[in-house]
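Letters are used for the chains, namely A, B and C, taken in the order the chains are written, and counting of residues starts over at 1 for each.
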Amino acid sequence: CQEIERNDEEIREPKTTFRAFEKKIHEYKDNLSSLKKEIIMKDLIIKEQRLLIENLRNTSYDGTLIFKLDKFESKKRQAQMNKLTSYYSVPFYTSRTGYKMCIRVYPNGDGNGRGTHLSVFFVVMRGSFDALQRWPFNKKVTFILLDQTDRAEHVTDAFRPDPSSNSFKRPTTEMNIASGSPVFISQTILAQKKDQYLKDDCLFLKVLVDTSSG
Amino acid sequence: CQEIERNDEEIREPKTTFRAFEKKIHEYKDNLSSLKKEIIMKDLIIKEQRLLIENLRNTSYDGTLIFKLDKFESKKRQAQMNKLTSYYSVPFYTSRTGYKMCIRVYPNGDGNGRGTHLSVFFVVMRGSFDALQRWPFNKKVTFILLDQTDRAEHVTDAFRPDPSSNSFKRPTTEMNIASGSPVFISQTILAQKKDQYLKDDCLFLKVLVDTSSG
Amino acid sequence: CQEIERNDEEIREPKTTFRAFEKKIHEYKDNLSSLKKEIIMKDLIIKEQRLLIENLRNTSYDGTLIFKLDKFESKKRQAQMNKLTSYYSVPFYTSRTGYKMCIRVYPNGDGNGRGTHLSVFFVVMRGSFDALQRWPFNKKVTFILLDQTDRAEHVTDAFRPDPSSNSFKRPTTEMNIASGSPVFISQTILAQKKDQYLKDDCLFLKVLVDTSSG
């Protein structure tokens, strides 16, 4: 039975090859999933960089900022459904080495303005040069809702920081508690004067931080 | 024929294993090509970010810009061969929240300067704060070809925007039609005064947008 | 021996399939390693971009910079062990199209200040607009170690560039040789006045380049 014996050998051979294949395939499977993980990591870094670039494109270093909020109606609706209730501006600075700040806007209001007003808050952020600033933060802050027509009936609210408030102490976390105007402008007026303040469903909120004081 | 039957079984077994291998290999093939696609996507995002970073590195927010055009001779030759005829500067701004603009330079000329002059054009771009600007754009624009020697014989051309031109209306696309100086400087003079304007085969074009007017 | 012959055929078939598998597996192996290489390349570009973004976040265009050196004690120890002896600030500029410069700080001193002082040096870098600057660089440079308390006892050293020094000629490489204050402040004083200059193990070094002169 010569013939049969030869066959028997040939069958053993594939079995060994199978095992080698299996090993290789497992190896590539591991390689593939480690590559996938690496790509996910890179993706996170790329997204982080995108945010940093966007911040650089929109920031300012003179204590003034114009925060543009587009698609306002949709944002207000989202807020009414408690999906996304507030929007942060990019960080801006009183100077290249000054205070780091941003504003937070609630399209459908917050606190005692909730549902009835647009609320605007000022946020002191932890910055690289905080050790060189005076604390508590005591610069006058002005919010201006810009009239986009020639009438220039801008809506303004200003406040001086309350030195006893936690909002203005030197930050120990990324952001202090926001503080500002919960009843900045009523939704009724906003809806009535859409042509002035919500042209193309877009709102421009200017912040002025008085860099001369303090 | 006991022996033969056993062999027959062993052969069926590999066949099943083959099918399993084939399935796995196909799976990895799919995984590989989806990874490849992801990498290509990331690559596009990275390139886009690189451009944004380059723009940030070279932009300005005071209405002035110096556009550096290096390897001028090679660029002019490319233009003569109709390969690449013009170069855009990075976008620059009249202020952080001002007009967005750029310039477009034809090393071998364009329009009635084609082949005989260097042409320089000004481009009003669509910006985030266009709703807050006056339209049509009406600020005086000055082009200055910088003399790189102490002689300081800068070549200057200035214009006031034509309010009826489409070039200065509020942009509805990324860029308005470029407008400016098709016969800004003749190729003859450029070639004669290489030591002044094309030192190291490099040209510096300054743009001034008068931020006081308008 | 009909039965045996059939078996024989079935065995030849797997052998061919093996070879096809092997080929495929090799192909995927190659694909995998080329993907890996691509990811490594992308990673380099991402890291380069991260550096460019960090530079943009911390630079200035008015000839002044505050260089923050945190974890000073650890950095000094590293320097004492000859591991990492100096730190470069980000590049900064006298204007958007001005000189490109940076500073280099040795936490454990350099030259005749090595081991006894903190050394601070000024570096003229090759910039895009060097053809438009005056050479040698001749602007007055001031280093100020900031007192982080209200006492405001800042430590200041200033120098006027030596026009014959290679440090101030037009750069032909990325950086000229650093020049400045090897004995800027003694380690003894630094250690004694930690509360003023090394609050939270962090030091702030301000550089002023006089943009009015030259």
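One rule holds in what follows: a contact is a pair of C-beta atoms (placed from the backbone, for glycine too) under 8 Å apart; a residue touches a chain by one contact, two chains touch by 3 or more.
These numbers come from a predicted model, not from an experiment.
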* Which is it for copies subunit A and subunit B: same residues on both faces, with over half shared, or different residues? -> different
* Structure fact -> If CA atoms of subunit B are superposed on subunit C, the rotation in degrees (nearest 5) amounts to 120
* **Whole-Å gap separating subunit A and subunit B, where each centre is the average of the chain's CA atoms** => 28
* Shared interface positions of subunit A, touching two or more other chains -> 4, 7, 11, 14, 21, 25, 28, 32, 35, 39, 42, 46, 49, 53, 56
* Okay, in this complex, where on subunit A does subunit C touch? -> 3-4, 7, 10-11, 14, 17, 21, 24-25, 28, 31-32, 35, 38-39, 42, 45-46, 49, 52-53, 56, 96-97, 128-129, 131-132
* Asked: Which residues of subunit B touch subunit C in the complex?
  -> 1, 4, 7-8, 11, 14-15, 18, 21-22, 25, 28-29, 32, 35-36, 39, 42-43, 46, 49-50, 53, 56-58, 60, 62, 64, 66, 68, 146, 148, 199-200, 202, 204
